[in-house]
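This report refers to the structure that appears directly beneath it.
Labels run A, B, C and D following the written order; every chain starts at residue 1.
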Amino acid sequence: MAKKPLNIGMVGYGFMGRTHSNAFSQVGHFFDLPYKPVLKAICARDAAKASAFAEQWGYELSETDWKKLVERKDIDLIDIASPNDTHMEIAIAAAKAGKMVMCEKPLGRNAAELQKMVEEVEKAGVPNMVWYNYRRVPAVMLAKQLIDEGKLGKIFHYRAKFLQDWTISKDLPQGGAGLWRLDVGVAGSGVTGDLLAHCIDTAMWLNGSIDTVSGMTETFIKERHHALTGKTEKVGIDDASLFLARFHNGSLATFEATRYARGHKALYTLEINGEHASIFWDLHDLHRLQYFDHRDEGRVRGWRSLHITDGDHPYMGKWWVPGLQIGYEHTFIHQAADFLDALGKGKPAAPTFRDALATDQVTDAVLKSARTKQWENVSA
Amino acid sequence: MAKKPLNIGMVGYGFMGRTHSNAFSQVGHFFDLPYKPVLKAICARDAAKASAFAEQWGYELSETDWKKLVERKDIDLIDIASPNDTHMEIAIAAAKAGKMVMCEKPLGRNAAELQKMVEEVEKAGVPNMVWYNYRRVPAVMLAKQLIDEGKLGKIFHYRAKFLQDWTISKDLPQGGAGLWRLDVGVAGSGVTGDLLAHCIDTAMWLNGSIDTVSGMTETFIKERHHALTGKTEKVGIDDASLFLARFHNGSLATFEATRYARGHKALYTLEINGEHASIFWDLHDLHRLQYFDHRDEGRVRGWRSLHITDGDHPYMGKWWVPGLQIGYEHTFIHQAADFLDALGKGKPAAPTFRDALATDQVTDAVLKSARTKQWENVSA
Amino acid sequence: MAKKPLNIGMVGYGFMGRTHSNAFSQVGHFFDLPYKPVLKAICARDAAKASAFAEQWGYELSETDWKKLVERKDIDLIDIASPNDTHMEIAIAAAKAGKMVMCEKPLGRNAAELQKMVEEVEKAGVPNMVWYNYRRVPAVMLAKQLIDEGKLGKIFHYRAKFLQDWTISKDLPQGGAGLWRLDVGVAGSGVTGDLLAHCIDTAMWLNGSIDTVSGMTETFIKERHHALTGKTEKVGIDDASLFLARFHNGSLATFEATRYARGHKALYTLEINGEHASIFWDLHDLHRLQYFDHRDEGRVRGWRSLHITDGDHPYMGKWWVPGLQIGYEHTFIHQAADFLDALGKGKPAAPTFRDALATDQVTDAVLKSARTKQWENVSA
Amino acid sequence: MAKKPLNIGMVGYGFMGRTHSNAFSQVGHFFDLPYKPVLKAICARDAAKASAFAEQWGYELSETDWKKLVERKDIDLIDIASPNDTHMEIAIAAAKAGKMVMCEKPLGRNAAELQKMVEEVEKAGVPNMVWYNYRRVPAVMLAKQLIDEGKLGKIFHYRAKFLQDWTISKDLPQGGAGLWRLDVGVAGSGVTGDLLAHCIDTAMWLNGSIDTVSGMTETFIKERHHALTGKTEKVGIDDASLFLARFHNGSLATFEATRYARGHKALYTLEINGEHASIFWDLHDLHRLQYFDHRDEGRVRGWRSLHITDGDHPYMGKWWVPGLQIGYEHTFIHQAADFLDALGKGKPAAPTFRDALATDQVTDAVLKSARTKQWENVSA
């Protein structure tokens, strides 16, 4: 069956511009979908870099002004992979222009921004999705299946953390290329929006909504050289963000994100303890899922290390043969596949902008609680 | 050199009565100490069981009344291994009788009880110690050495949890033999005193005092059959207890204890992240320490799995040869050895009753915070 | 700088046709190379399937006769990804036609076939390479670096195994699509050529040549239904193949391959023990390297679990950020990158056909030893 | 019930003298047995050291001449924990004197010695046992149970190794205290008798007899200073010993022992692959058993890490509570318990001297094969 071309307009060529471009480039090689993504245009302010990126990835053309990109008739979908402070304006313009919109997370810098974005995409009625890619790790998707099938029973505990160690040096400047995540004006927050948001997105997808939180944040290094202003300036982001939570289903949780956990590069872990079974997953060995089933015979009951590489594991029938692992970039390919599949069926693909708003309502409550030193309800 | 005999009067023959008896029985086989512990008397209410225990462990005699035990002239040290609600009375009587006092943790049911106990043993001037045995795991003692030598640098994060799953069934009764830990009247609290207390004792020993906490507790099963009254009664203990904390040194922490974490039998874990290095330890593989040193050359930098079985590891020179592991019971043997060694030097051996009081001030603050839903300062 | 197009003619669209196509499709997105591979033509006997594969992967055209492919003027490189019994004829024809030749391993069905192939490609003077892809796992390449730098010192032991469990059922037929590896006529041998060959290629690359071997093979299931003839026939392949070896450098080795090791899908492991340091790697967690350095201080000496995802690890600077892993398919991308890089420099890229011949001389000696029940010298 | 005293006469106070003394000292504290071992006499040539050891462990008296020990009327059982070259003479004398005999492994220096020992103990009709302690690791005993219950099905592969690294330095002398294992005259062989013998004992117990072997040995350091002669002398022991084997049940095996595997202190590992299930165990984490069961549902099928600390695990009901591990020394306690239990029932306790002879027939065949460079049948 002939596949319908879907013309992509990509904004941003950084780390996320590469993961998204790769997703659209690869998805058709492995998944049988009604749409065939076409890398139509890449947009970035630096014309030479945009052009080089287009050459490298096979984009047909490059733009330097995202407004022109949004206006182009030959673009079906705008994918936003630029820094956080640009998301709202581009997304709303794209929606108003009738484009489908995909956006890297966090969707905006705070729940107020997201509220507007959700309103506009819903008003425009355009398909939309946020790249919370970790839902599409096959091991995490398997966890979702097992939970939804009731294999865990009643849930008592949820535990997530996202540990990094790349900003410990006080000599690291804030702001500028590759470092805008340290600049609160651009990023909106520190690890709360960058890392905790991932943990929360997965958590609510797996375990339902969160009612109340008690948070704590810290900025370990108070002042840093700013790469753009050239001055030493107060650091506005949070370096670490932790919270206790109570889910609507009665389970208790701890969440933690930090960039000061020496020895961990990108250690996102999650654990869920249910009445009958428990699961554990971590990003440093993303192709494994740890599973414990209390119903096993006592003598041979233990944590199972599942090597998620078989045909009956989510997504894995599309890849190689049992025993051969995939990696990080594939989570984006899976997300693109799910989006295109849903598009063919006329259905939304999660997480939508609205789903991302729910996540941001939690991060806002966490940051508020850290200030008020009180438990805060998550507003819905 | 002739060793001085030290006559032990043991109260309790349960799980802890066995670990303590084993410690005093074994310590002289492996450690060269100025004192030779003599298993003089075991005390328990059931005369037949006390007698059988004496026969099995080589106690010279048995008593059924702890008051008589405390009064005996031929007893040098009273070791309390009976349920929590008996600790205060026995310890104070023993101190007043001029006996050295050792006591299983938690020392009392709350900080008020401990306050009195500390006052009395200090007034009596008798050597005293609380069996927070996990300090004496060789891997944990090595962690202490590394931290004290400054190998970790400034500490940013502390993370501890103690996970069990043995009370998930609603059919488990509260109270009675082997189950008094579910009876709030006897135990004082649930996992807070039983499990969190261990985590806090180790944490303050390794990382200094805790300033403030935000806690949350839950009792998942609200009513249970009571084995002694024969009625279904409200459950008074906490099944789960979690808290965020800020240490005096500025580091942030999460603590969690629960008996509802399916798949974990006694998973006490601790992790400390410092500027230069990090350590991780867990009780399920207690003979290993995970160590990460950022000063290693980049290409070959990674978490090291230290197999703590060598002569240059704490305590291990006394045991077998490299590669051959020891287990849980040895932590008590080490604690007995340290106590006897300190006694010979006329020094206190940590943790003293006063050290245990500091731990209980934290658990009291956690329980208070869980009620007030506020951050609470730890009173000192 | 403009990149020179390099037109690829691919033979075979099975598992290996996909990994090779992916390699040539992806390599330019991540590596800066003098050549730009162009997916010119795919060749397979079934015209419809060849055409569909061309559509899916972006090949410009498809052929059904490899002889025609080899004759095409617009093809620069013939890549052979078809079953083993076709390799020799195609490779020799391609070389004679002046094409560069790449070939999936094992290069031929025995050393006699390889001898001819080597002679022809060397006579033709065409660049050639065999896809022993596991050399290009970043962790394995790091092992190579560490060994070459002398970090391990004198080598005492080498240990490799490749364990699978997919042919245990006696109901699995031999021969036919996806199962030609069980048909000795097509495959040449069983696990010896399929799995042991990988182990030997890596071993000789890391640790030098092998002098003598003592081998043992077994065919656990003696007869199987043949999918092509429709009859139950004697199984000619080896299901398991093990050997002891002595390397030229004096080190001792065990090698083992089997498809009857329940619980292992594709567990290729290798370990090298040197005077000063040791390394261990396994394919099920291919993004990790275990490294032990005896020069570490005794108390904190242990196996380091290196997470091979950093910029200073081989190839990893081209991918994502620290902590984010790659997978199996990337080994082929790296091999393509190295080939194209070497091509630009006018140098051969290992392993060449001649290197593969050396590997086959070992597998031939192993199979001979299994028959003679004697130690056999590896002929050179 | 009153327990019968059983008077022990121990020969040797080295590493093994300590493990055996501990076993007899501890066994009654944890196991309910018909006999109560009495530490009657320790025998060693150095009177002062023998006396100190007696004091430390509670032996009633010490002897310096084993012949006098054997003649004593108040000794029921002679336990031999002295170097290998003394085993035969003492064991035969003890048997002739009508004593029960226990002996550390290897029972003798070669099968010829063992043949005589077996004849004499059987002629004397005295209970006898050899301390192949690793059979009594709870995890290994569980493996035995699972195999005997048929859980693994037909066995295809057995794999064992025992890796150490303590003799790599060329400055280590041979002979003398603590180093007699390097002196071939005392030890009989190197790692073959010391380490491989353990692997073979367990293997034949778990998987039945071995028919044929192909072996290879190496002495990496050819000359060493001899601590007793004061001269540099040729090293007679094997530093490494490897062999391939075929079990009588048709399964294939690799065995390896070495003291030149940098990074491994006492890494005894074993793996068995059966039709339906597989197991893996290693001595560095002896309280765990890895178990894979192919009958699990595909999506959640994986290696289970069993934490062997529960009441339904072999021996563990006698120790602490789930989650709390035991260690190396406990294997000797279990072996003593099994011996005393069997004694009460009038049954032999395995492994007897005859069982040990079967192990030595394999090690002899391995050493012969290493010389003849042929496969050798194991004589029975």
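Operating definition for what follows: contacts are C-beta pairs under 8 Å (C-beta built on N, C-alpha and C of every residue); 3 or more make two chains touch, one makes a residue touch a chain.
Quantities reported herein were computed from a predicted structural model and do not represent experimental measurements.
Interface comparison, B-C versus B-D: the higher number of contacting C-beta pairs is recorded for B-D. Ranked by how far their CA centres sit from the centre of chain C, the chains are topped by B. Distance between chain centres (mean CA atoms), chain C to chain D: 42 Å. One inter-chain figure worth recording: chain B and chain C are separated by 55 Å, centre to centre, where each centre is the mean of the chain's CA atoms.
For the pair chain B and chain D, the distance between mean C-alpha positions equals 36 Å.
Along chain C, residues 264, 303, 307, 310 each make contact with two or more other chains.
Contact residues of chain B toward chain A in the complex are 156-157, 159, 161, 163, 165, 168, 214, 216, 218, 220, 240, 242-244, 246, 250, 252, 254, 256, 258, 260-264, 273-278, 292, 294, 303, 373-375. Residues of chain D touching chain B in their complex: 15, 19, 21-22, 25-26, 28-29, 56-57, 164, 166, 264-267, 283-288, 307, 309-310, 319-330.
Listed in rising order, the residues of chain D touching chain A in the complex are 142, 145-146, 291, 293, 296, 298-307, 310, 312-313.
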